[in-house]
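Going by the order they are written in, the chains are A, B, C and D; count residues from 1 in each one.
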Amino acid sequence: MTTAPPFSKVLVANRGEIAVRVIRACRELGVRTVAVYSEADRHSPHVLLADEAVCLGPAEPEASYLNIGRLVDAACGAGAEAVHPGYGFLAENPEFARACEEAGLVFVGPPSHVIAALGDKDRARRLAERLGIPTVPGHPAADDDTLERAARALGFPVVLKAAAGGGGRGMRVVTGPERFRETLASARREVKAAFGDDAVLLEKYLDRPRHVEVQIVADRYGTVVHLGERDCSVQRRHQKIVEESPSPAVDPHLRRRLGEAALRLAREAGYVNAGTVEFLLDREGRFYFLEANTRLQVEHPVTELVAGVDLVHLQLQVAAGRRLSLRQEDVVWRGHAVEARVYAEDPERGFAPSPGRILLLREPHLPGVRVDSGVQEGQEVPVHYDPILSKVVAWAPDRPTAVARLAHALQEYVLLGPRTNLGFLLDLVTHPAFLAGEVSTQFVEDQLAAWQAPDPPPEAVALAAALLAQEPRGPAPVASARAPDPWERLAGARLP
Amino acid sequence: MTTAPPFSKVLVANRGEIAVRVIRACRELGVRTVAVYSEADRHSPHVLLADEAVCLGPAEPEASYLNIGRLVDAACGAGAEAVHPGYGFLAENPEFARACEEAGLVFVGPPSHVIAALGDKDRARRLAERLGIPTVPGHPAADDDTLERAARALGFPVVLKAAAGGGGRGMRVVTGPERFRETLASARREVKAAFGDDAVLLEKYLDRPRHVEVQIVADRYGTVVHLGERDCSVQRRHQKIVEESPSPAVDPHLRRRLGEAALRLAREAGYVNAGTVEFLLDREGRFYFLEANTRLQVEHPVTELVAGVDLVHLQLQVAAGRRLSLRQEDVVWRGHAVEARVYAEDPERGFAPSPGRILLLREPHLPGVRVDSGVQEGQEVPVHYDPILSKVVAWAPDRPTAVARLAHALQEYVLLGPRTNLGFLLDLVTHPAFLAGEVSTQFVEDQLAAWQAPDPPPEAVALAAALLAQEPRGPAPVASARAPDPWERLAGARLP
Amino acid sequence: MSVRVYLLCKGRQVPVEVRGSGDGYAVRVGGRELRVGWQELSPGVAEATVEGVRLRFCYARQGDALQLHLAGRVYTFTRTREEVEARGAKPEQDVRAPMPGLLTRVLVEPGQVVAAGQPLYVVEAMKMETVVRAARPARVLRVLAREGEQVEGGAVVVELEEGA
Amino acid sequence: MSVRVYLLCKGRQVPVEVRGSGDGYAVRVGGRELRVGWQELSPGVAEATVEGVRLRFCYARQGDALQLHLAGRVYTFTRTREEVEARGAKPEQDVRAPMPGLLTRVLVEPGQVVAAGQPLYVVEAMKMETVVRAARPARVLRVLAREGEQVEGGAVVVELEEGA
């Protein structure tokens, strides 16, 4: 494995924890990196972690991370050979992949025509149906009237989804016809803002299914392997928040069937690079193809820890035209991994986004725990992007120990300034139903709808009172106020 | 695995990173913990991590961590069922194990008579010889005159070693007869201070061997498994500093032979719990039994990462009388792990110990990297104990990537206040001979004897000058000075 | 030294008496007195003794607001300078912006009568759209921000008059 | 503002000229001028711009001493208030305590003549014993600490007179 680096230089077209993750993976393989950032991300850690950094422009995603022209120019200008898109933003945008291809840049992902084919959920559904893989009944993207008629024909509840792009963005459950139009309009706006395309499709809503997805990796020479499943049932507002591998609901027989379905789809689509095939699993053990994600997933670390691979390394290697060194029979799953996503949101105010300056940050260090973080103390968490701050992932030889490790890591995780969902996550992963592995996509609504943050214990009140009884010393505990005068005026180096 | 906790409460009779490690492992299994600490360790992180903490007394080891009476009293007083000794201090002291046994406490380690038998290096050697396991020629512990005669008979160079206790303490290479007596006296004093017994033995010094050791675990019912080898050749002054698994010099055939030798010895000795059998491996691939360590090793994490087990969990489970759930044929090694030990010592001044207050601490977070740390920002690193601060352990699917990860982690590791060996470790793990896996116990002397810290680059000088050109703001950047008056007077809560 | 402070936490206000003593503080809250003291290890990270029990906590203070991390939870406190009327869930809080963000649409006009649950405006932050609705039937008094404006969290965007 | 500082690093003294300007500092060292500025993100952690290049560093200052972590290395600087004579490896440095610790034994007496390499005293710290030896033949002038005493790092324990 003392082979040459797959590329000399890669531009990482993303921000936050996934940019940090990809930059680190590149460094480990001896690949130089170019970070990109918007003006709002000047002090985000990915910027100085890379060998070079290019400012794309203002905070607005359209002007920065979604700006194909600027990204391609930055990659060419820096002499990058390849572009890694991360997840979100342009990761599943076939135009971006095509723009890279046309500029002579290797896009670390499938060819643009595969992204277009699988990224279009209607086309992907039809492909699955042709291959005999069951799908959830529904209706492809269409105008408002057509979708409303289709919803009435299918019967409520139905789900609205972005036709392009994943991650639960824009997803809405509509329980009856009254608010259908209003909800559809809102979904279209959110989807347009996230992916630049307001096409929305419709599906029958299944009762309390599990969300189970299969990780695949393919090289250019027709070798495709699957790395087992992840259970991503625990969601809030259709956003995954806790993921694990293996799924407590999947036995070796079902794993083989899910894996085979995913491989069949990938082969038929001419898939190359890492990807995910998502399924719903009903309470009778039947599975339905949901969609294919033609990129790295947020939750990829749980697969890495259980399968003992590095997915970003594999992505870079197959993108460089190398053969997969991994064969299906080499894949051995060991132990159990659970991930929790840490968001800048306020569970005490309806999970409203909570941007702002990070005043104190102490991420947990525990054996078996990995924290993929994209923020640092002192930086401003921008209001313009996804609220994910980091992911806490615990591995252990068995599920109960992995969950215990995760709970301890969440307890030791200190982030002050923006509000976070850490306390909510802690109560979630220590909930009896979660500990028993009995979850569905309705888990949060069923078990934690009435969740409330605990009241402060007397010792917290006493400490707070004694601290606040002091007159405030200086404007803030943060360091910018401590810098002597000349630095305060340092152009471009002031904290936002 | 949703079994009951192996114990209700365990006292952890140690300090620093290993106390933290054991306390965490107990918590994960639902076991309550009692920490012990000396007055010098009041602000060490293990103290508040445990459910309870007992102050043993003054800083001196004899009055605290080596005080058998106080430890047993603390365990009984707190209602602990078992005592975990960690490594060092009393971990290999048969009297301590016996005192626990007699007080009705489970000692998490082998029975006291097994510690006595294997801990005595002369007896252990004879046992190995009886089993046909090769040993290094030498002479058992004796008086000064006898040892000097034996050294002359064997021929120089020879090695002096503690007869009781491991960890390289007191180990001295003597190249000729001139300084034999002086070196022996120094070795006896250091050994006495470390283990309370000044017995020293003698061995022929092999030229550039590797230090390779096999991890074993045994239950009370005669099941013993080995978890593969660790290569601990990279040492400085006979102290291991970098360890890895698997050894670049061990192929599957040799692994099997080493494992069989270790299992034979363990079975014959009636071994129970986790232990390590150490060997020297010469350049022709011959191995020699060196000694058995009847405790957890500092470097146990590399085995955990490669074999996918938790050794402290296994220790607690077999100590509670459970059967090993692991069979030899279940042990699958995956990938490669490398560990570096971070010491409070000053490589620019002959690696002199460097205690003092930690002014800034930022431990690295990288995928695949585990940091087992025993210190926190703001605490005083005491002068009274071993200088180990933490261990940085990197795992990756292959050795080059694991080493690259380790190097990046060492680069990102910030510890200011005490001087550390971090820069030295970084140069060590990026040395071409280390990258090639070509090491011996002489590696540091052969390759890094002339090591010097790099001179500061111009940007460091410029930043330092601009910072120091400011008049100092307040006495120190540390927080004790920021506390309002009443707290400064808070009895017993002042930082040391 | 003895100071009376009013702490606001989770919408409730608690009066607390803080008395500095030679070796820390005596804090009287809800009829109970707790002796507390602490020592900072590093800025914002401290070890405390509360009634003889040692514990570790972290905090960040900004003016009269304090976040405190203790035993895996973050609690937020605000010191109010004087005793304010105990707050419940006041009707007008429902039309405050739930977070800082972009006011993407205003759906009502001054004078308009709105039904319970009727959408008033939409705020977008961190790629999430939040529709703010009327809690009860009311009449719109004023609209205090325009579409396309950035609004602060907690800012009043629409003023309602109930029972109109 | 313009200040001349003398920085001691790795036994060498470097004169440096620091000039504050509107947007940072101009630092002249070894005939070269570097423009630097920085911003603290949190206490001791900062992002700097040096000649237009951005980099991250950490530091801890205690009086005139500074530790600086940059690109994986820690450098230690001391500001000396006036230009001191350039230090080499002075003979008497060899008999200073190499670290703080317990003086476990003193092996020489005042007036005694010692050979090069002869042990003078033994310091124990962090479970390691360090024997301090004479670098050259010399005569013991004074012994400044007693066995069993705690000594500071760098403290002179034995004073030697060379060529005696």
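Heads up, the rule we're going with is that a contact is a pair of C-beta atoms (placed from the backbone, for glycine too) under 8 Å apart; a residue touches a chain by one contact, two chains touch by 3 or more.
Remember, it's a predicted structure, so these values are computed and weren't measured experimentally.
A count of C-beta contacts for the chain pairs B-D and B-C puts B-D on top. Set against the Cα centre of chain A, the chain with the most distant centre is D. With each centre defined as the average position of its C-alpha atoms, the distance from chain C to chain D rounds to 51 Å.
Note: centroid distance chain A to chain B, computed from Cα atoms, is 39 Å.
Computed from the mean C-alpha positions, the centre of chain B lies at a distance of 30 Å from the centre of chain D.
Averaging C-alpha coordinates per chain places the centre of chain B 49 Å away from that of chain C. Residue positions of chain D touching 2 or more other chains: 25, 38, 42-43, 45, 48, 55. Shared interface positions of chain A, defined as residues touching 2 or more other chains, are 360, 482. Put simply, chain A touches chain C in their complex at residues 169, 182, 186, 189-190, 193-194, 344-346, 348-350, 352-356, 359-360, 362, 383-387, 410-412, 414-417, 419-420, 422-423, 426, 453-469, 472, 475-477. Taken together, the chain D residues at the contact with chain B in this complex read 3, 5, 7, 9-10, 14, 16, 18, 25, 27, 29-30, 32, 34, 36, 38, 43-45, 48, 50-51, 53, 55, 57-64, 66-77, 79, 98-102, 104, 119, 122, 124-131, 153.
Those residues of chain B whose C-beta lies close enough to touch chain C in the complex are 43, 47-48, 53, 360-361, 376-379, 478-480, 482-483, 486-487, 489-495. For chain C in complex with chain B, the touching residues are 20-25, 37-43, 45-49, 54-56.
Across the complex, chain A is touched by residues 1-2, 21, 24-25, 27-30, 301, 304, 308-310, 313, 332, 334-335, 363, 365-368, 370-373, 396-401, 404-405, 408, 470, 473, 482, 484 of chain B.
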